[in-house]
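Naming follows writing order (A, B, C and D), and every chain is counted from residue 1.
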Amino acid sequence: MPVPPHNLYPPFNVVRLSHVELDVTDLARSRAFYVDTLGLQVTHEDGDVIALRGLEERSHHCLVLRRSGAAAANALGFRVYDEPDLDKAHDWLAGHGLPVAWVERPWQGRTLATRDPQGIPLEFHARMDALAPIHQHYKLYRGVRPLRIDHFNCFTRDVDASVAFYNAIGFRVTEYTEDEETKRLWAAWMHRKGGVHDLAFTNGRGPRLHHVAFWAPTPLAIIDLLDLMSTTGWLANIERGPGRHGISNAFFLYVRDPDGHRIELYCSDYLTVDPDLEPIKWDLKDPQRQTLWGAPAPRSWFEEGSLFKGVEVGEATLSALPIVAP
Amino acid sequence: MPVPPHNLYPPFNVVRLSHVELDVTDLARSRAFYVDTLGLQVTHEDGDVIALRGLEERSHHCLVLRRSGAAAANALGFRVYDEPDLDKAHDWLAGHGLPVAWVERPWQGRTLATRDPQGIPLEFHARMDALAPIHQHYKLYRGVRPLRIDHFNCFTRDVDASVAFYNAIGFRVTEYTEDEETKRLWAAWMHRKGGVHDLAFTNGRGPRLHHVAFWAPTPLAIIDLLDLMSTTGWLANIERGPGRHGISNAFFLYVRDPDGHRIELYCSDYLTVDPDLEPIKWDLKDPQRQTLWGAPAPRSWFEEGSLFKGVEVGEATLSALPIVAP
Amino acid sequence: MPVPPHNLYPPFNVVRLSHVELDVTDLARSRAFYVDTLGLQVTHEDGDVIALRGLEERSHHCLVLRRSGAAAANALGFRVYDEPDLDKAHDWLAGHGLPVAWVERPWQGRTLATRDPQGIPLEFHARMDALAPIHQHYKLYRGVRPLRIDHFNCFTRDVDASVAFYNAIGFRVTEYTEDEETKRLWAAWMHRKGGVHDLAFTNGRGPRLHHVAFWAPTPLAIIDLLDLMSTTGWLANIERGPGRHGISNAFFLYVRDPDGHRIELYCSDYLTVDPDLEPIKWDLKDPQRQTLWGAPAPRSWFEEGSLFKGVEVGEATLSALPIVAP
Amino acid sequence: MPVPPHNLYPPFNVVRLSHVELDVTDLARSRAFYVDTLGLQVTHEDGDVIALRGLEERSHHCLVLRRSGAAAANALGFRVYDEPDLDKAHDWLAGHGLPVAWVERPWQGRTLATRDPQGIPLEFHARMDALAPIHQHYKLYRGVRPLRIDHFNCFTRDVDASVAFYNAIGFRVTEYTEDEETKRLWAAWMHRKGGVHDLAFTNGRGPRLHHVAFWAPTPLAIIDLLDLMSTTGWLANIERGPGRHGISNAFFLYVRDPDGHRIELYCSDYLTVDPDLEPIKWDLKDPQRQTLWGAPAPRSWFEEGSLFKGVEVGEATLSALPIVAP
């Protein structure tokens, strides 16, 4: 199945990914990771919940940590352009047989909950509380100096099906990996906000959340984080990198939070606002698609991911290549 | 006059600034500046014209140099989302009493020429020839490693009027400087593509082009350019910087091309896709609005700019403050 | 007078500059500057004295702040190779008519106090208390991440005379500025430790301390300091830069402490251990000698400096050029 | 055997490592690697030999490539302080039963050839032709922007014996790895010029040259080299990194030249001129000693090295740990 053409006039207007809520088993330890080490900024904190934003974000939260007995990912949050888009989303999703419900979320306006056809829980909203800018409060900059949330990456049992759904609601593929034999998609990167992706999918047991990425100012900030984590007790949480991706051309590092949720620190991809930008195709056998410099990813990176709370997981429909390219 | 509210549903959809054509008096010398020194990539070259793109751009040109007897700026080019947007633009502009004409431009689809109410020549198109990606051809990276065109900045006789016009066609103010006494705008930064600006206006004799900006990968690339220009005969072409802007929070350098056209090298502003992002207001008396670190700009930076070919210039309607803040 | 040839076999072996003690009028405010803002590490603190080191230094102090009723610089501290060098220094200095005295200094071994022929107070020692390394305690890194003291720069009434003295004790000129007409030295950079300088002299009212410099890891750390100082109340303390020096090729920034003592943040000069390295000569009329990129220094930078406590100041013997080159 | 104390008064004064000559089998291909890719500067070139220097070096060569039928390393070159040091070296080495011979080398003064007790060929000289500075000719900067040679690293059959010899001639250990059980040295870093090392030894089949290192200006220059090599046909020549060493705290990358000679790009270690600096001890079982961030080195890095021409190789006297720490 080829990559579908860019859907220029989607049924409702998604602006960008917005936030995710992660269930964590030790809130204090997660705080030490996300706040003291990565450098996200606390916007709300109580005994059960910590809400966080990046240094250039004015919306209330891009990450919510919730104390729980078991680690899990909750819904992926997306922002739509305006209130009418919420209603259009409601009707379109319901019309396509997907579950829809209006839910209450603190610091947000009306929120529409649904699941994508693979079962990934999604929530859409048009308004979130705005906070005063802090991007020029440089005394707050620490850790990797995370500026903003950049993207979600999910395992899906069927990348072709996931791409078809998100393409229908206006996400456009910027880069993809194809299995040369079956001509089926192995992985795809899809955007709304004008970068390489808001959302990516990889073939695998799914649906699961592979990682959440935050934008860092420069590769040097990511090197600083490596130095800090290596010397403050977080050495074992460094999983992969630093490196440059072939796909996206971004500089990256993957780390794991105390519950194993995977976080990517990411910078330097490219602008994709032109509606006719051609997607870039990569061969599944090309090891440079993952790391331009050739270093393989560890096995954990291919296999592990966060469960979505209450969502059943199944095997991929496309069988895996040997994980590490020769 | 306060900053107008974001026009959420403009009459046609401008995606981003696209390119500008500059008349230059010595094409070889301009090539030495833009190609050999800044590092833009040649996509077409003949005895009269050199077309250039940035390292991540796939559209044919972001800058066109045209051999001429006198230095000037020609039309500012913008890209609209789709072909129907061109027709909507034609009708809306004509309906507002502005001149409209379909013109032929090489490497572009249908192109609509007009002038804004202050006389700035504009051209809109929906399609430009796409070239193969070169952003991972790292052997091509040199100079400041310019990735893409970022914005235009113009002198206008009446910033309030310019902002009103561009706001009407969907440009949204992200930051602005207000004269505290008259409550009139002194300068404003307006975007379409999701950064701080595609287009900015400053009060002054106008209309004139103040500068064209290109996005650089990091502040270190800009420092590299300073080292290169300082030791290859371009010392006198360095005008202002390096520094960090208060407005936009970007790291910057201003240089002048062989004809005096001003070029900014720019990186590290912030994402502005949220439709309800509040504009940031700066006081005209705050020297940090221009350079966060406090260094004043030279007089030339306040006074000099490129003429638009064939466009008459007039005095600003708002009288100037002393140029250099105490 | 030409630059004297490198004195290959000096009478005693100075290893490097070591530290300086500055009298400050508000110890808490100075602490906010040096510790909280620049990022030096406290090794001792009481009501009267704060001792500081850089992040890679294992010697007890490179800077001592002493509470006083008036701002001043005390002796410039240098380290000699071994105990016998102290005795050789004592005898050589006494033999050349300079005052010598053994003084007690905390955290140091035997310390020899003297004054150079222009009156600058100097102290030599061979041993200082060693502390455990902290260069891999990355959680301590903040501000400009100062790694070590790099050099002193002094105004002297007679650069030729100062160079002659320090050359006699083994300091070697790496770069210098000559007045083309009189063939007298205007400024000179002299080293022991293998960089461009441990000690530099500029023609002017003297002797006075022009600045103390600390080595920063990269130009980006210096940019970070500018962002931090600009947004935490230290804007007025930024004096000059950032820029690249012509002389030394280093990236620099000059800031002023709360008492006006000038501090340079400095990185990226070059190795000078080869004993036959030819000094580089600069023309006093070449503005690139100071800033490769051409930006002039402010008047304060040329005129102001810290007094050495109890040392009389006199006019320069060589009259000044106009400060700002045309 | 403990690390020997710093020999403060060695029999002759070695200033620094100077250069190495490598036999290469395809001079054009090696030129493409060292000149076009790494960015070293050619100072001499004929059909048989290419001489190279770094961008801040004024000595004629730090690397000589010689066309040969088989890849090999020739003598390691060191510079002594002055002509009398050459004679002292001659006598001391002869007196310790080592072979000594005066040899002719182009662009150098008198050159003394010897072998260390493990058989490594060494050459000492006091003078090399000086060339004009190019460190401010920024148009020459390309590739990793190599500034200067930094160190040699060799496999030796007996690290304790190698350290004892070099300590006797004034090299001082800055960091070392000890086998906790036998208390024997596994690896040691020794310097003369004031950085972490001019020369390092690792236990293994030897003597062999493990790598030659060049100093890069910043980690970003090393990232640039990775991007360049990955996209210009040198992907397979990237062996290990980027990363930060625990030992030395330097940022590093290892690449292989067309004949397999290993080159390290290296920056950001620390100043070691203080004669009483305590060596830092690392546990052989600590994986952070090699990479602070925890990533293991590939097997090739532990096993492969360049033969010294005409020198027999033997097994290490200390048996190896499992190569990759758990």
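Quick notes on this one:
Note that a residue touches a chain if its C-beta (ideal position, glycine included) is under 8 Å from a C-beta of that chain, and two chains touch if they have at least 3 such contacts.
Note that the structure is a prediction, hence the values are computed from the model and not measured.
Remark: among chain pairs A-D and B-D, A-D carries the greater number of C-beta contacts. Centroid analysis (C-alpha atoms only) places B farthest from chain D. If each chain is reduced to the centroid of its CA atoms, chain A and chain D end up 44 Å from each other.
One simple way to say how far apart two chains are is to compare their mean CA positions; for chain C and chain D this gives 32 Å.
With each centre defined as the average position of its C-alpha atoms, the distance from chain B to chain D rounds to 50 Å. Looking at chain B, residues 136, 218-220, 227, 230-231, 292 sit in touch with two or more other chains.
The touching residues of chain C, when paired with chain A in their complex, are 136-139, 141, 218, 220, 224, 227-228, 230-232.
The touching residues of chain C, counted against chain B in their complex, run 219-220, 223, 226-227, 229-231, 235-236, 238, 242, 244, 251, 288, 292-295. Chain D contributes residues 8, 15-16, 56, 58-59, 79, 81-82, 127, 130, 133, 135-136, 147-148, 193-194, 217-219, 246, 249, 268, 270-271, 273-278, 280, 292 to its touches with chain C in the complex.
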